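My questions all concern the structure below.
Note that the chains are named A, B, C and D in the order they appear, and that numbering of residues resets to 1 at the start of each chain.
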Amino acid sequence: MARIRLGMVGGGNDAFIGGVHRFASRLDDRYELVAGALSSTPQKARASGAVLGLDPARTYDDFKAMAIRETRLKDGIEAVAIVTPNHVHYAAAREFLKRGIHVICDKPLTSTLPEARKLVKAAEQSSALFVLTHNYTGYPLIRQAREMIANGELGDIRVVNVEYAQDWLTQDDDSKQAAWRTDPARSGLGGATGDIGTHAFNLAGFVTGLKLDRLAADLQSFVSGRALDDNGHVMLRYAGGARGLLWCSQVAPGNENGLRLRVYGGKGGLEWAQENPNQLWFTPFGEPKRLLTRSGAGTGPAAARMCRIPPGHPEGYLEGFANIYSEAAIAIEAHRTGAPIPPEVQFPTVQDGLEGVQFVDACVRSSKRDGAWVGLA
Amino acid sequence: MARIRLGMVGGGNDAFIGGVHRFASRLDDRYELVAGALSSTPQKARASGAVLGLDPARTYDDFKAMAIRETRLKDGIEAVAIVTPNHVHYAAAREFLKRGIHVICDKPLTSTLPEARKLVKAAEQSSALFVLTHNYTGYPLIRQAREMIANGELGDIRVVNVEYAQDWLTQDDDSKQAAWRTDPARSGLGGATGDIGTHAFNLAGFVTGLKLDRLAADLQSFVSGRALDDNGHVMLRYAGGARGLLWCSQVAPGNENGLRLRVYGGKGGLEWAQENPNQLWFTPFGEPKRLLTRSGAGTGPAAARMCRIPPGHPEGYLEGFANIYSEAAIAIEAHRTGAPIPPEVQFPTVQDGLEGVQFVDACVRSSKRDGAWVGLA
Amino acid sequence: MARIRLGMVGGGNDAFIGGVHRFASRLDDRYELVAGALSSTPQKARASGAVLGLDPARTYDDFKAMAIRETRLKDGIEAVAIVTPNHVHYAAAREFLKRGIHVICDKPLTSTLPEARKLVKAAEQSSALFVLTHNYTGYPLIRQAREMIANGELGDIRVVNVEYAQDWLTQDDDSKQAAWRTDPARSGLGGATGDIGTHAFNLAGFVTGLKLDRLAADLQSFVSGRALDDNGHVMLRYAGGARGLLWCSQVAPGNENGLRLRVYGGKGGLEWAQENPNQLWFTPFGEPKRLLTRSGAGTGPAAARMCRIPPGHPEGYLEGFANIYSEAAIAIEAHRTGAPIPPEVQFPTVQDGLEGVQFVDACVRSSKRDGAWVGLA
Amino acid sequence: MARIRLGMVGGGNDAFIGGVHRFASRLDDRYELVAGALSSTPQKARASGAVLGLDPARTYDDFKAMAIRETRLKDGIEAVAIVTPNHVHYAAAREFLKRGIHVICDKPLTSTLPEARKLVKAAEQSSALFVLTHNYTGYPLIRQAREMIANGELGDIRVVNVEYAQDWLTQDDDSKQAAWRTDPARSGLGGATGDIGTHAFNLAGFVTGLKLDRLAADLQSFVSGRALDDNGHVMLRYAGGARGLLWCSQVAPGNENGLRLRVYGGKGGLEWAQENPNQLWFTPFGEPKRLLTRSGAGTGPAAARMCRIPPGHPEGYLEGFANIYSEAAIAIEAHRTGAPIPPEVQFPTVQDGLEGVQFVDACVRSSKRDGAWVGLA
């Protein structure tokens, strides 16, 4: 198949996540980046486009201009990656969705709940696909875990323990990365809850298939003067009776990207940690613990689809991120021909994005009500 | 100094924790077991005494008889280890305390809160010492962690994450060990919260020096027909602003004795896990993680007091337990001569025991009120 | 800079390492694959080219035809990746070197020592660059280790312990991957020594800067009927007095790609394992062990050059491999303009390749002489 | 059974290993220390005896006096622990053996090979037992490994990789512990080879049941002025075709007591490390790796005999050492009654001690002959 023509909104020179999306789109050679509105500062947008070797005619000063003009081009973009700070996601995504251009959007979906709801509607009304890069769902052994649970290998799920701990905001930090993440106007209501809690919440749901009933949250801002939470403790009750604990923190020294998931059922357990994602513990009750490795003995087809190289040679964050892009590519290629998306293809959707924003909203509401149990609004 | 003459209540042939107390009392050669009321079944009490080589005249059918007669003996016991199921602790301890015999009692202190309060009074009115075997406080690197926090090496404590996960009650279990631990009449109000949650709660407080303000708990009994909780999720608020999460579970397959403590402050963090207790991570913010080892470089005097052998040769559970016995021995020897207990000597007290029972009570109250925040009663 | 036009020899549809080279060349967007002689079977060569989207006119039936025609094209390839079985490396590389086309060649350099020597000469006589993909030298923390040793942080190096253990040849295996690796005609004199022992030997030398004086080897073929070694034990003596142990095995069940390096000097040690390459232990004598992480605190500029994303998000095998490609790209871009290659740019050379073949030859000679000490021939 | 009356030779106040023997003898309550010749310095011998609470009449100035007098006592010692520097082992052991007193002797057996041979004869001619404290054979999971190999779970053993790395002699050290271990007159011919290499060699043989055919050694003394080896590289050939690598070092910074054993056969592998001895990896070929834990699922009767407490509560070095004492106690109790020693009872013997001294002798001979293959003399 011909490569998918891709545009990008945000992701200028000094952005972190834009570069990640470009690596991810390139790895499996299914996309070609051909246009960009890479910064809200025109000069920076153009300079960034030049560094990436984009055609200056397709280096835009703003995303709306890009959406309009690319729609008119014969070889205009088929998909756009939106990698701006959170508060821009909604407006940008809407422009492309309404023109039938597929959207691959970074998380969280939006910075406010009303926008999230509107974006769900916009996606529903569009012929285009909407893909949210909850990238950790692309790790092969996360697919393995999901498959094992779906197959009943753990029995009924009872306990979910998920955490995402970082330390980079332990002290006051005035870097660009820190600035927008701790600014309610650009991040939304949630700090750590929005930036990383949403990943943890999404991952737990993706792996277990459980839906939240209610949660009770205790959020904190430990660093003086910080407007958003930098640490959150959340108790979860899932529909069907499973219970969970979620911890997210950006003030836990020694933790870089400590995303860790543990799931326990009546027959066994699973444990996985993102920092060494090529290992998955499977602990059937009453038997020795087993260490599954990516592509190794005992792993099944859901994981195998996501692997590029044999076991023992580690795949990492970019490969997991690229798996989301490649899942999206399969879906986009199916869309080209009108074929159905194969059932094994999995990527986070706008609905997952809404649930993430609802999760943040619920954490904030619960915390304000002193940890009362609340449902997703 | 002459060995301390020790009696034991409970700990008959097939008991687990009685044997542990005997190993612990023997390791450093400061005690001599000379009397016992080893079972509430007289025949078993006598048989167990014979196996241990006790003088038949000092093998008693019940603890009260032992307390009375040993008090009259010229070489009667100076201390007694109480290792029965929880519901017997109060009555047994009272008999010895009122006769001036030091009590070394297993945890939790009692099975009910009123009894715990009465036992505190009994201990206050006694000339004898009361030592509670929250044994994990005896691990050398737990002493190290406590010392580092007291010295300010972590800065102000913000987040405490403590958990104790086991799996042995994942399915219905009719063993003797399981039977009394899941029976409210013998265990008290708490299941996992009482049996292991109290250890976790105590350890967090011992290491950080923090006092609980309030907690919010969500307790579950996952195994059908079980009268007590087998999994508990608890959010903690400490006086002074630190926040915590506590998870205790006996239905988490793959976990044997997964007691794990993580503490984070404004300057650094500490992480420790009981299953490999000879390692302690110290993570000063902005510096490489450091792995401290028992007796190894970078450890201080509080840990050194608790070590018997050089680094790299592991010490384990029995050594940690024995450290509580040896701390008690120092205190008892001081008591013999009227000398003060040296300030570096640390062992859990009846007050710690009360707080443990209060913790269980608070968890149960909060959980019944749907996770409301409650203080210790 | 314009992307480097790349051709490929070998790497047809079912090859493992060809795909790896393509991922690696694509990740940083500095190469464009435009031509290939992807298989020695013409039909397969064409089919493989079609899958990769190559221009049929630039899909060749044999590497010589490719070298001749591409040289004549205005936009012919500037570099070629040689990813065939070992016995083809020499003949293929020679064709491109003599036409001034840069060669990026898989290891080991050749299947025989005479060919290796001739290839060194061919490279010396060529204006083109020769890059050998001892890819493990591309891991960021391997660069970190090299830099620390060069800076004297370990003191004088005394002991080098390197191993590469796999298990995939534990039993007789008739897969394509196994077939040529256990066939002397295609692999050369060494089995495990050639396939993975060369990686271990190269890595030890790259990190420490030490040169081998002599070695004593004991090679075995444990699987009945296997013509080449599948396990090798080698004692090393380096110039200057350091000593080493090297173990390579393809019959060690439970080991996937267990490449592990430990280096000890008078002032400290380093330990690294490929399966979790984002961690490096640094053990200064008399201080706590420190765990360095990729991009984390305490790492220096040599590692930083090799990193794409922040710490805690793992990079893996493909990223390390891509680092070799990107180092080569810098060198090729310098070559375009006649500029010198920046001194921080590091990639394995034809000389390293010769030393690898000499290592295999020495192991085989020593082992045949019952473990006598021999130097590189 | 009545406690075994034990004497001790060596082990005065500041000795390390004497204290370890006392802990070990006490843990299971089968011995009572009643006499000692605790130092070759009479004043220190007496002071040490007083600290231990020994009867002054049974605190001897030299071991021969102790042997003579204790033999005459009605309640004289039944067994003696010899915990002196190596060069005293032979003379001391002989005195007790010839009087029918059981000997529990630290390793290595003697400091010279002739003495070792004479001691074997002395033991053969004595009615008393001789137990050598190669204590690592007492770890439960080492028993498990031995049992699994004996049961054929690994298939035919092919590769044995054993190492014992320490760092305490990295720099010149004038402590008492260092002084005698680096002094040929007191340690014998081997430095690291004798002190820790013998442990590694013994452990490999104990677990696999393999007997050495020949070895080739390359020994070094890295610290200037050191008379004995501080690092040794040894290639092993076992009878029957298995091959091994042994590394021992006391100059490897970051290693405290890094005794590690890996064994690979045609059907699977095992990996164990002393610093976390409660875990054993079992890697059946083609299946997921399994982590066996002490007393946990999948462990068998040989390990169960050696355990005191349930899984997840770590046992350590002292418990493993105590297991040797308890095995010896069973044998001594059998000897009291003339009953046979039960077949499951395992402890290192004088013959194992001889093999250890032969191992050191062979390493030194081979190294002097530039790594020639030599057998045990």
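In the analysis below, a contact is a pair of C-beta atoms (placed from the backbone, for glycine too) under 8 Å apart; a residue touches a chain by one contact, two chains touch by 3 or more.
Because the structure is a prediction, the values reported are computed rather than measured.
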Relative to chain D, chain with the most remote C-alpha centre: A
Interface with more contacting C-beta pairs, comparing B-D to A-D: B-D
Chain centre separation (chain A, chain B; CA means) in Å: 43
Geometric centre distance via CA averages, chain D-chain B, whole Å: 35
Inter-centroid spacing, chain D versus chain A (mean Cα positions, whole Å): 55
Residues of chain D engaged with two or more neighbouring chains: 255, 289, 293, 296
Contact footprint of chain B on chain D as seen in their complex: 16, 19-20, 22-23, 26-27, 29, 166, 255-258, 274-278, 293, 296, 308-319
Interfacial residue positions of chain A with respect to chain B in the complex: 158-159, 161, 167, 170-171, 216, 218, 220, 222, 231, 233, 235, 237, 243-245, 247, 249, 251-255, 262, 264-269, 271, 281, 283-285, 289, 370-371, 373
Partner chain C, residues of chain B touching it in the complex: 282, 286-293, 296-298
